[in-house]
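There are two complexes below, and they share chain A, which is joined by chain B in the first and by chain C in the second.
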Partner chain A sequence: MFNRKMMGTALLCCSLGFTSLPLLADDGGKGLTIAQERKQRDEGWADSESKTTMVLRNAQGAESKREIRTLSLEIKDEGDKGLTIFDEPKDVRGTAFLNHSHVGKPDDQWLYLPAVKRVKRIASRNKSGPFMGSEFAYEDLSSFELEKFKFNYLRDETMQDLPVFVVEQTPTDEFTGYSKTIAWIDQKDYKVLKVEYYDKKNALLKTLQMLDYQLYLNKFWRPLKLSMVNHQTGKSTDLLVHEIQFGKGRTEADFDTNALMRAK
Partner chain B sequence: MQQKMQQNKQLKKIKALLLASLVLPLAAAELGPVTQQDTLWSLAKAARGDAPYSMYQVIIALQQKNPRAFIGDNVHHVQAGAVLTIPTAEEIAAIDVESARQKVEADEQRWRDLQKQQRIGRKAAGKPKMGYSAQATMRLIQQAVVTKPLVVTATTPAQNAVPAEPATVRVPMAATATATASSTASPPEHWTDRLQSDSTFGLDSRWYAKKGLQQQAQASISASLLQEWYWQSADETDSFTFSPYFRVDQRDPERNLIDLRQAFWLRVGSGWELKVGVDQVFWGVTESQHLVDVINQTDLVDNIDGETKLGQPMLQYNLFGDWGTLQTFLLPYFRERTLAGPDGRLRLPLPLLPDEALYQSGREQRHLDWALRYAKQLDQLDLAWSYFQGTSREPGLVTLGNSGFFSPYYPQMKQVGLEGQWIVDSWIWKLESIYRDYHQNLNAQNQYTQSQLGHFYAATAGFEYSMVGVMDSNYDLGWLMEYQYDSRGMAATGPGQRDLFLGARLAWNDEAGTELLFGFAQDLDDRGSRSGMLEASTRYNNNIRLRLDAWFFHTYRMDQPIWWFRRDDYVQLGIDYYF
Partner chain C sequence: MKEFWLTGALRHPYWTLAWVLALAFAMAFGAKNLYFRGDFRIFFSPENPQMQTFDKMQARFNKSDNMLVAITPASGDVFDPKVLAVVKELTDAAWQTPHSLRVDSITNFQHTAAVDDDLQVEDLLLELSQLDAAKAANIKAIALAEPALVGRLVSHDGSMTAINITVQLPEKDQNQEVSDVYNSVRALTDRLAAAHPDLTFYHGGVIALNNAFSTEAKNDVESLVPLMFVVIVLMLGYMLRSALAATAVVIIIVLTIIATLGLAGWAGLFLSTATVNVPTIVMTLAVADSVHLIASTQFLLREGLTKPEAIKKAVRINTMPVLITSVTTAVGFLTLNFSEVPILRDLGNMTAVGVMLAWMFTMLLLPALLMVFPISHGYAEPTDKATQMDRLADWVIRHHKAILPLTAVITLASGWLMLQNKVNDEAVKYFAPATEYRQSVDVLEQKLGGVSLIDFAIDSGQPSGVNDPVFIKAIAEFALYLQTLPEVTHVSTISDVFKRLNKNMNGDDPAFYRLPEQQDEAAQYLLMFEMSLPFGLDLNNQLDLDKQATKVSVALKNLGSTQMLALEQKARSWMAEHYPQYAMEASSTALMFAHIGERNMTSMIQSLPLAMFIISALLVLSLKSWRLGLISLIPNLVPAVIGFGLWKLWSGEINLGLSVVASMSLGIIVDDTVHFLAKYKIARDEGRDTEQAIRYAFHSVGHALLITTVVLVFGFSVLILSNFRLNSDMGLLTGMIIVVALIIDLLFLPAFLLQFDRSKKTAAASTTSGEKHHV
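Here is the complex of A and B:
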């Protein structure tokens, strides 16, 4: 779920929903065109599984780690489905989080609490809160959908010796924690290399860098390292992806509440 | 295109290797000795740590730094037993990514070709003298000698890749103990690789504000151990779970317990699940009490909130699809509720014999209970209906003749349950309701319980409202409000006959996962009767969590169930160690 959603390359192609987009920005529609291309290039990955270590650092540099496993399922014309299983810290091991993301309405979310064997539904209207105490908010990890932003192409730049587009993205959801985000997108493969997040007061809040991109199934670029720095607190979080597998033949039955209860 | 395909192949191979890889300890200056379980990927990963370099760079840097460890100058052929020196960051950075990638891919092709030749050669020769990979090793060595090794950069030590002498000496060893880096030769997975073992040791210390009604002690310590083993088949259709639980208490022998929390086999099919064994099943949506939840017996002495459950033997069959989920249960054996003994707290001041339980059914604990539950999600609305028929999990009390002693009495019952929850933005509206009917043909022995039997309705209804990032902080705050109703009024067996529960849940969202839940229940018919609870916890480190729990009970009325707990206010400090 993460790596995919984070880098934002993973968009579901939406032939629907374009009418609900806000009016084109004054870039002549170039920002939206870039976003559509980004989205279209990540179609067809079907399902994936990954293992990720999160390294949380406070302003003093003290580290703590989380280990998670993630299963993701691509859903055409709807938001994707994701199942995240927590392995560490050990007091939360066995806890599992199921997310059905949607376009144009709040996601459906459930949490499995192993101590009481209970599946609890979560009200998910506001996703600006931190994920597992990290610098990543739930909304940073949710799937990138065209309907969630108004796009504005700013300029071309060069980053890591690659020509990139710089695109400003203004969230359309009032429950977001950001006034805008700015993404640096490589022009050749549409990999997102960097994202800046601006808080509601329009001050720079966080910077995300996506590193160590690998190509999977000859089509899908995935970063193996995602590094988020919070400029206001000095804290940072790295996501280190160890392992991504595609095409395990998962179906929606692997992403319902019955599967959530079985998740280990 | 060709190159992309090769690269893709390479990645597939690496993925296959990952399945069998062992994670080596990070960041020693040296790695090894290399064993058969190590893979190219695991070695490179261990060498890289968190540094932002490409795996190709790391692999080539490893090989350049340790030329003798790689047979035939091939990065895919690592000498078993070798100790690898980890290259420095500068050395890794100096490698050109693209040429490194070409070298790794070319080596893989070379490795595959050799194996292919090997297979053909073996077929032709009929009886191989050496093992399969030994011959491949030989060929690699020969090749390294006669052909020019692939050179990545000018700094590669060219011909010293394999000194002839040690290589020839070591061939038989390498044959059996080479760290295989090819996907075609990855070591077979052992069944224990899919076995998970998790243990939790808990130590709790409880302090009561006053001595008990029968002068029970004010402080007590208890310890517990929960072990869980879980195994899943490779195709993910079958799994086994085995989870015993042990508890010892300093004061109350009735709190000592050996239980099987879980011990079951689960098979998952397409649209169905079958479970045989002992398990715990939770039904319900509300927070302040759990009316509908009826499958498992409550381990009441563990926690007065009733959320701890004993394992229940069952045959469970679930069917699910777009139409919803239907659970069917056969429950062949009954578990008795844990009740505090004379030295324990939170008990009725009666001479109770918890182990001399009486049953309405002549089959006693072997009465076959059964249950059904149908659940359906309609967009933002979740609904579930349930039915249970069998031995009541909730005991009454009966006198044993004229002895003056009391025993728990478990009548037969039928119960219909309804659960609903409706999600509206940050609100979740919740309802649980039951209708319960006890069998009427009571025998003379248990007239005592007659007042509380018959039939009744009960319900819990309310909401949970979540606020994220309150007052520009990272805190999440959830508000809970639930109304509790029981048609039996003061004859109800629980305190919630016409009570209002208010609660708040605060999550710090910090690194320690600090949480606090506070709840308060007020009797609406009797202003002087209320109870409250606090649950707080925080993480000390990756393996330890600290807990603080507290309860208080307040009433002036003897007919309130909590009258008997009025001296049992307590604070409990707990430490859970996970390993």
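Here is the complex of A and C:
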């Protein structure tokens, strides 16, 4: 469904001298198979809640911290829903961000501003923009959906003593900030260990490392530390997840715009 | 040792040749380490306080290295849909620029509006398909009313628009990175210019400046160095009347230059806009050594000596004078080490080493070369030339009573004029009006407004302090104050963003175009806006990581460095008076150049007495006379005073290149005095009176001084052809001072001696006290 746009992007890139974007995956569908397995293994977690500290660092190592809480709801055959509540800095405490991921159309996003007690919709063209001034873009944090990428298996490698698949993922959305991402996926549990992000001029922009994986409900692997480094600016952001709880019985009613105003 | 080498050189010239060539090539091999740097940072040492502030601000906020592309349509209206389409095309394509972080233009300006109670944040021109006459008119209305755009990315009258490409260079091979960025953007604009002949493109920004530094240095290497070579060869041929003798000198010069560059490479130095002309300067200075030696040899050959005898004697009588003049020249250049500017220190050190190498190669190799080459006897100087000098001597002796007061008056007047010169360092003005960079920047300034910037970083003192209404108010008032200054053409401030957001969040009601009153309100509006911005267009260039500080960018008319420093001071005073609780720092490349000019001038003026002292001490040593050493101070100082006085009439602006001319030229012009006084002293020691001694000095060195002056003036005149004003001004003023020095040495010095060195007229002169303090 995105072929026309993809073609346009590819033609543009070719005309500018970049020919590394594949029009068709030539890996016999292996990349897609790996992605399907990854997606399938993570199904059934229903809902979760977590507390996270966001540590922003500039190239000189100066730090700034933010505290957030995140509620997530799994939606079958459609993008997940997420609600993020800001606790720190104080002057944005109570501000809540609601995201409805979609498959095949742009996400819906709203922000609740407690200072004026109003909910405002945010345009989804910003998906390439930074989340709370961090090195994470919205699209880096949005739920993993097969339709958002074209996959191309590159090779096997070993990482942290584990055999991994190296898979190239080309975003299908025209508002993406990337030409491609490359993911290192552990072959046993399909945990994503590392992701490299390439900008629109095909230069390495960022690297994400996912560390301290914990197993929840005997099935779901979650990293407790996500470390994103921007190679072009030298800035970095760590997401430190303190506690994750599953099965709190959340429903879609907790994730509509009315719920935003109740979130605390 | 000297005799041993000399005898060996004459007996085994080919062995000597082999040894010296091996030595020269061992030195020259270091050239493999040489590289070129064209970025503006080479003007600043790591300890430079303005450089440190600059780096600190670049670290705190995103880097501000940029390339600016401006477009002027022939129609005079950038809001013509056809022009807007090109702007959008260029904006989108510019993201492909190597090392680019963000691209800003009127088409991707993140326009905010209230739409159905939501905050719409969108490119001013998002889709080309939207573009029609009505949309273009709408864009025009918004853009020309937007304080963030007018005077920065679009001119007040809408006749010029600019696309700003912010880059962050990895700084691994900066020269390569600069040219990658520049060439990538140039390829893009050249293509668009070919497709749209009605549009004119201009290039500015730090990248264009750095690129211009490299381009002009390259032009200097490609045009000035070969030209200098041609000039030298022609002059040598004329002076020596022997192609082979000239060839010998060329060999010495070539060895000197490759060894100089090689040693610079071994020392870990790099080439820059200042040091690419070291070969030209070294060539100029090196010629004299060889010419003295060859001319003496030819003279002795004409006297009937055999070749080995003639060479031996020529070396013997020239070793000391050539050494002294080389050392004084080297000392003059070594005082450049007091400069605040690293590349001027490099220039001084490389030239000093080159001058000494020239002396060494002349002494080591030239005797062997003269032995091998069948050189001609040169030509006997026509006697009428000698009588010209004799007539000049008579004239000076006759008029010396008038010459002295006249020189005094001229010197005093020049001294007064000299003090009227103003230190001025504007990187833009380092480039001749003929250069493409200068032309672009001049048009940019004229149409768009100021191209030189000052960034003020204001620290609220606490995290999230930028959202504090008191702080925002301070920033808004500061911006308002800056706008009242006549030099300021544009102020970019976060307070304008807050006002706009407040209006948008209140249904675009113009009454709400004011600052939010509560901190949480301000913080959440800003968060909302930030979360709506796409890749690369965030607020990191205006706010730091934890929103403790903000950067206010001020665009200025092209100011001299004095006015720029005054403006910085005014801004600081305003802040200190009204909001002493907030710390403020100021920085920008233009401001750094403004400071470096002043700092460098101060340090060079302080170093001048030291140079005077060392050089005078050397003169006392070589002349073996306190009295003559002291007398020589005057003819050595006066030329620089008159030179800088004339400079006031010519230009009146002293830049980095000129600040080093005084001590640099001192080491060169001292040679004239040495030669003149040495001959004068010989005559006095032989018992002649002052008048006769002066006649003898004129007769024996007058013509030689004229010739060496011509060589030096030609050499430094070649630098005048540089499009880089630090080099061309330096060449011009040094040349002027050298001419003045010759006039002073031939007119004033003898007159002075007649007046003040008269007492010992008898043959006893040579034994009187004061003349015999040999060391």
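The definition used in the following text is that the second predicted complex is superposed on the first by the 239 of 264 C-alpha atoms of A that agree within 3 Å, B and C clash if a C-alpha of one lies under 4 Å from a C-alpha of the other, contacts with A are read in each partner's own complex, and residues count from 1 in each chain.
We adopt the following convention: contacts are C-beta pairs under 8 Å (C-beta built on N, C-alpha and C of every residue); 3 or more make two chains touch, one makes a residue touch a chain.
Since this is a predicted model, take the numbers as computed values, not measurements.
If you put the two complexes together on chain A, you find that chain B and chain C bump into each other.
Once chain A of one complex is fitted onto chain A of the other, the partner contacts of A:V116 extend to both chain B and chain C. Shared-chain residue A:F97: touches chain C; no touch with chain B. Of the two partner chains, neither chain B nor chain C is touched by A:I75. In the superposition on chain A, A:Q60 makes contact with chain C only, while chain B stays out of contact range. Contacts of A:L162 after superposition: neither chain B nor chain C is touched.
Of the two partner chains placed around the shared chain by superposition, chain B is the only one that A:K225 touches, whereas chain C remains out of contact.
Once the two complexes are overlaid on chain A, the chain A residues touched by chain B in the first and by chain C in the second are 56, 58, 64, 89-93, 116, 118, 121-123, 125-130, 132-133, 177. Interface residues of chain B facing chain A in the complex, by the touch rule stated above, are 4-5, 7-8, 11, 15, 18, 45, 50, 52-54, 196, 198, 230, 232, 239, 266, 268, 270-271, 273, 279-282, 284-285, 307, 309, 318, 320, 325, 382, 421, 423, 425-428, 464-469, 474, 476, 509-513, 539, 541-545, 576, 578-579. By the touch rule above, chain C contacts chain A in their complex via residues 59-60, 62-63, 93, 95-101, 117-122, 168, 463-464, 467, 505, 518-525, 527-528, 530-540, 544-547. Interface residues of chain A, counted against chain C in their complex, comprise 16, 56-60, 62-64, 86, 89-93, 95, 97, 111, 113-116, 118, 120-123, 125-133, 137, 175, 177, 200-201, 203, 232-233.
Of all residues in chain A, those touching chain B in their complex are 55-56, 58, 64-65, 88-94, 106, 116-119, 121-123, 125-130, 132-133, 177, 211-212, 214-218, 225, 238, 240, 242-245, 253, 256-258, 262, 264.
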